[in-house]
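Structures for review follow.
Paired with subunit B in one complex and with subunit C in the other, subunit A is shared by the two complexes that follow.
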Partner chain A sequence: MSSAATPAAVDTVMGAVALSERPRSLWRDAMARLHTRKLNYVYASVLAIYALVAIIAFTPLLGKSVFDAQVGAQYAPPAFTGTVEQGTANEHSTIRPSLWLGTDIAGRSVLYKLLYGTRVALTVSLLASILSVVIGTVLGLLAGYYRGWVDALITWLYTTINSIPWILLMVALAYALKDREFKMFGQEFKLVGIPSIVMALGLTSWVGLCRLMRGEVLKHRERDYVAAAKAVGAGTSRIIFRHILPNTFHLVIIDFTLGIVSFVQAEVILSFLGLGVKDQPSWGVMIDDAKLELMRNVWWQFAGATAAIFGLSICLNFLGDALRDALDPRLRGVD
Partner chain B sequence: MLAYVIRRILMTVPIVLGILLITFVLFSYVAPDPAFTVAGRGKKPAQLRAIRKEMGLDKPVWLDSRAKAEQDGREYKGHFNSQFFDVVLWRFPESIKYHQPVGELIARKAPVSLAVQLPIFLIELGLQLILALICAFNRGRWPDLVVTFGAVLGMCVPYLSIIILGQSVLGFGAGIFPVAGWDTGLKSVHFMALPILVGVAAGLGGGVRFYRTVMLDEVYTDYVRTARAKGVSRNNMMLTHVLRNVFIPVVTQTVTVLPYLLLGSLLLERMFQIPGLGGLMVEALFNNDRPILLAMTYGISIAYCVMLMLTDIAYTLVDPRVRLS
Partner chain C sequence: MQRSQEAQVKLLVDVRLDGANQLSQFPSSPTLPAPATPPPLNAGPPLLQVRNLRTWFPIKRGVFQRTVGQIKAVDGVSFDVQAGRTLGLVGESGCGKTTVGRTILRLIPATTGSVTFKGDDFFAHRGEDLRHLRRQMQIIFQDPVSSLNPRMTVGNIVGEPLTVHNIAWGSDRVDRVAALLQRVGLDPSYASRYPHEFSGGQRQRIGIARALALSPDFIVCDEPVSALDVSIQSQILNLLDDLQRERKIAFLFIAHNLAVVEHFSDEVAVMYLGRIVEKASRTELYANPKHPYTVALLSAVPEPDPRPKKTRIVLSGEVPSPSKPPTGCPFHPRCPLTREAAKQANAADTVEITTAGERVRVLRKCVEEVPPLEQKQGEPGHVAACWVTR
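Let's turn to the complex of A and B:
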């Protein structure tokens, strides 16, 4: 494990011995591995496009006035199918991008809703993933490092949460947090839409990472580099966060990536249960709205939202797997 | 052996307490006041009080005492006449929508969920094991690549999308199956076919990858190498040696799926109008039916916890190595 020692420190210790090349750290190694498979660049660029769309959706370019505006007749089919109803207002305007993917029940553009939905999906899943990763990492580190009653308490907490089927706990929490007002420190908080979903997802999904981290930290705290850090007088928090955390950080990254996938999918379930976002389009709400449209042969809203989720999930899944292979040395050569 | 069993049972006690605490705190402190959600806005305080009394929410939260009861003008019925012990002792008020005891409602709906979910589970498990075996047999060659790639693709389609698509294409479009509904007794088989098909299709992907990894782990163990060196054929080795050992992780995985069997799939039952526990829960969410939500979260979690305990104990009977570690 070389990441605990900085190159400068190595130089002074080694004295006259010059290092011909920079040390091969786990991260440089992993990047090199990711680089060898060119498909990873494809996944990364698709993800970059999703991110870009989400950022654009934060600007007025895709604001409420855009996705909420009526742009055509009810259920106008996508422009590329070439079936434009005669005599309607949009007969001559098939080239308008708003009609590329047709319209929904209120004549709103499916394309714009889809693009705006990227913002909701990425906001929800990124925030939920950050929340769950932070909880899981901190609790895992503390349990593994301190052991004793801290460990017993944290282990009890995650075993308990793990003993409640995830979907039940998540749904119950989402239900409890929906449209709630809280008074805390003299201030009022109102949880509407995205914050309550993020909390419901994030607070229930940290167990897997916490357990992994705890196991890993239990091994690391006995390693020589931790003993060395203690010997030079490093404080406990410094040892945990500057020495042990970087050496176990690959677990965090992998969990973060794959967490996003499950949160995007969970948003669909929450929307179906009436616990999703309100007053703004999201992929989950679109699929939920489309559940009866398909029988009327209105397939574009359903297909668009499903494809958007599919594209994001598949890229994250493949990239997550590649990351796992690149970062976890134990898996190398196994599969 | 007996010591282990006792220790494992004792280990479950704090976990059950934790489940109780989490669900109770969630529903009494975090969730909205059920009296409001039942009565709607603009109700008079007297009506709200009556609803609270009916739901047992006029009682103290944790413990009752004679002084408290006199102060509130209630009849004193012992220390444990509180909201918390109503949950502990399974004294749930009637369902707001059905006006039936929650326990009865759950007992009536559970077999329906099981009738749909058990076939899904068995068919799915069989297919997953077969596909995983095909992968492990042909590791790195095209059947492996096709199956693993297909599994990932399947995992990336939202569950709800698969249900909607199956329902409208196979049920509504082709007219092979009824779109939704349920019937009594054996007649319900007619309605079960499509949900089972869709459920299997939706859940297939994840397990295939998991079991493939499990089988590949097993392929690289010493005893397999020994068997191969002794001249055991590839097929024989896979089907008898490997498959048998793979069943330990398979059983673990299976147990984690069991509560979902009982709960049914929330989405599946709602979309196909199957009167099971999943449908009941979704309905309760829309109706703010707090007794049902609380009882189901609590009851199913405890059942799950007990199942985990039983599996662990069953393990020690099958595999003595577990006891040692």
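Let's turn to the complex of A and C:
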């Protein structure tokens, strides 16, 4: 009896859906969906430029000797060209990128500071985003999967944190962590600048993702594929990380992308309040400086920093929204 | 001989199930021979023994999550499944049949009761032991959409059991998955595909391949065809039939479609409100139903003949909530039989109750005492829980 062949033959005749040429994973589907809107490529390339600048800022090309050097007079307004080798016989006018956005109080190039600020902004927001996403994901998975007292504890924790206005909590934590010394592994650490900001941001902003994850996990743990995995003998960690997490991962990605935007802005707030980075230029510090300069009609430092933040935020926001549309099964009618 | 008989059975199955939506040649219809030779029941020790299984879900209220009641989804269920045989479990939605299947596999913790598999107390095992035992008991789900992980390829879904139990890796696993897919009638090249690319019937085949991966001796089929088109149903049922014959797998076949169960089972148990109310061999149950609930269920099976030969018994009222099951026989508020019996009984032996807005007189015994599942007239092994029927 060729029963193995019979159903297959039947299958190809009836009931089978036409298969595309390549397997369509949900990720590949999402990418195809992103691809249909060409504007997404514009956002992505702008973000790539920001990232590239940030990477260059880690090299000597944009190091301290570059952004700290005096390139002109105090508060020189933006100019396309400038004179070089002043006072010598060879004095002449030439194109000077360092003057394109004018200079600050110490005669340093605003453009170079701005470019270097990308490094601070992206480092802080990426690290803080990673921290908050990891905390939110793990706690959300645990609360949703185990329920019971684990859920009660985690829910209590995040509702407590959520009841305090985020900015207040973040600022308070940044104050508390600032310049704090602590011992770990027999070594003394001092939280200065970026690490303390990252912790202040990351530790206070995981609530949204945690709550979303918990809800999704509660839904998925009742799905039959989880029951099937249990019946097959899969362990808890396998069920959580191989089955449930991939099905809720779109939340992580969306939260990560949109988190970066808010962290770029938060870094500005902290720097404005004097809790930000020290000894290196950042967009927040520049805006903080600009609050006095504006009265003297020195607008370029302020304009440069806000434009940089605006460009990054808007591209991340648009791309984040596009990602959400592409990945969220509810918006795609799959779920 | 064997071959021709098999072919005949197969043909029969196809014919009967293809018309299955307005199904069917009703069970007791004399024009049809029995679909398969009824195997002797109770031969040898059973593969699976379920005794007094109870699955109660607590109802929690208030700030302190105080337990205020129990939903008795499964309330004292006992049965045996013989190796290589099929026990059909029928009943309407919400009667607890799915919970029975899942409790046996320990996907839901049992409140009390025991499950003995191959003479071994299944509920006593933990950890690695339990994982090992799970290889022998698998499940096929009703919903072909939610039972497959949408983020995993078909190859990973079917191959996961092999990985979890350290049976096969790498190319060996690929080969085994290909063989399994082929066995359930799918192209082995589908292994790199994702579930959402397939139709319902194909997905159900994927689910069957996953259940087969560990070569189990027992599979819970939890309404495996009720979400499928009628034409696909017969394909899937034939596949399950073939697999059972080929691999001697025992099935607990849970369904609400009586025609499907009749075709597929050796023995049938009828559940009502978390309890088994009647159990008999397939032929016996369909030809000679004892419990009034079974009779009502059978009368509800649609017939292809537009001029009905039998009267349909319409039960009054709703299925009571399993959190507050009726006292005595759980069926008494809807039972037509006890009302009839009460008319002839002494007034002292009857009692008046209000059900579905009407006042009816029923037997006192039905309200006060739970009827035991006992042997009734007919084939040995035909048991029913009813005070009225003989």
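Please note the rule applied: the second predicted complex is superposed on the first by the 292 of 335 C-alpha atoms of A that agree within 3 Å, B and C clash if a C-alpha of one lies under 4 Å from a C-alpha of the other, contacts with A are read in each partner's own complex, and residues count from 1 in each chain.
Criterion: contacts are C-beta pairs under 8 Å (C-beta built on N, C-alpha and C of every residue); 3 or more make two chains touch, one makes a residue touch a chain.
Predicted model, so just to flag it, every value in this text is computed and none were measured.
In the superposition on chain A, A:M295 makes contact with subunit B only, while subunit C stays out of contact range.
Which of subunit B and subunit C touches more residues of subunit A is settled by the count: it is B. When the two complexes are overlaid on their common chain A, residue A:Y225 makes contact with subunit C while staying clear of subunit B.
Contact with subunit C, but none with subunit B, is seen for A:A234 once the two complexes are overlaid on the shared chain. In the superposed model, A:Y175 makes contact with subunit B only, not with subunit C.
By the touch criterion stated above, A:H243 is placed in contact with subunit C alone, subunit B being left untouched.
Shared contact residues of subunit A with subunit B and subunit C: 334.
Contact residues on subunit A toward subunit C in their complex (touch as defined above): 1, 3-4, 6-8, 10-11, 14-17, 19-20, 23-26, 223-225, 227-235, 238, 243, 246-247, 249, 334. Every residue of subunit C that touches subunit A in the complex is listed here, in rising order: 3, 6, 102, 105, 107, 130-132, 134-135, 137-139, 141-143, 146-153, 160-161, 164-165, 182-187, 192-194, 196-202, 205, 207, 210, 213-214, 229, 231-232, 235, 238-239, 242. If you check the complex, the residues on subunit B that touch subunit A are 14-15, 18-19, 22-23, 26-27, 30-32, 139, 152-153, 155-161, 164-165, 168, 172, 179, 213, 216-217, 220, 259-260, 263, 266-267, 270-271, 281-282, 285-286, 293, 296-297, 300-301, 304-305, 308.
Residues 156-157, 159-161, 163-165, 167-169, 171-173, 175-180, 261, 265, 268-269, 272-275, 284, 287-288, 290-291, 294-295, 302, 305-306, 309-310, 313-314, 317-318, 334-335 of subunit A are the ones that touch subunit B when the two sit in their complex.
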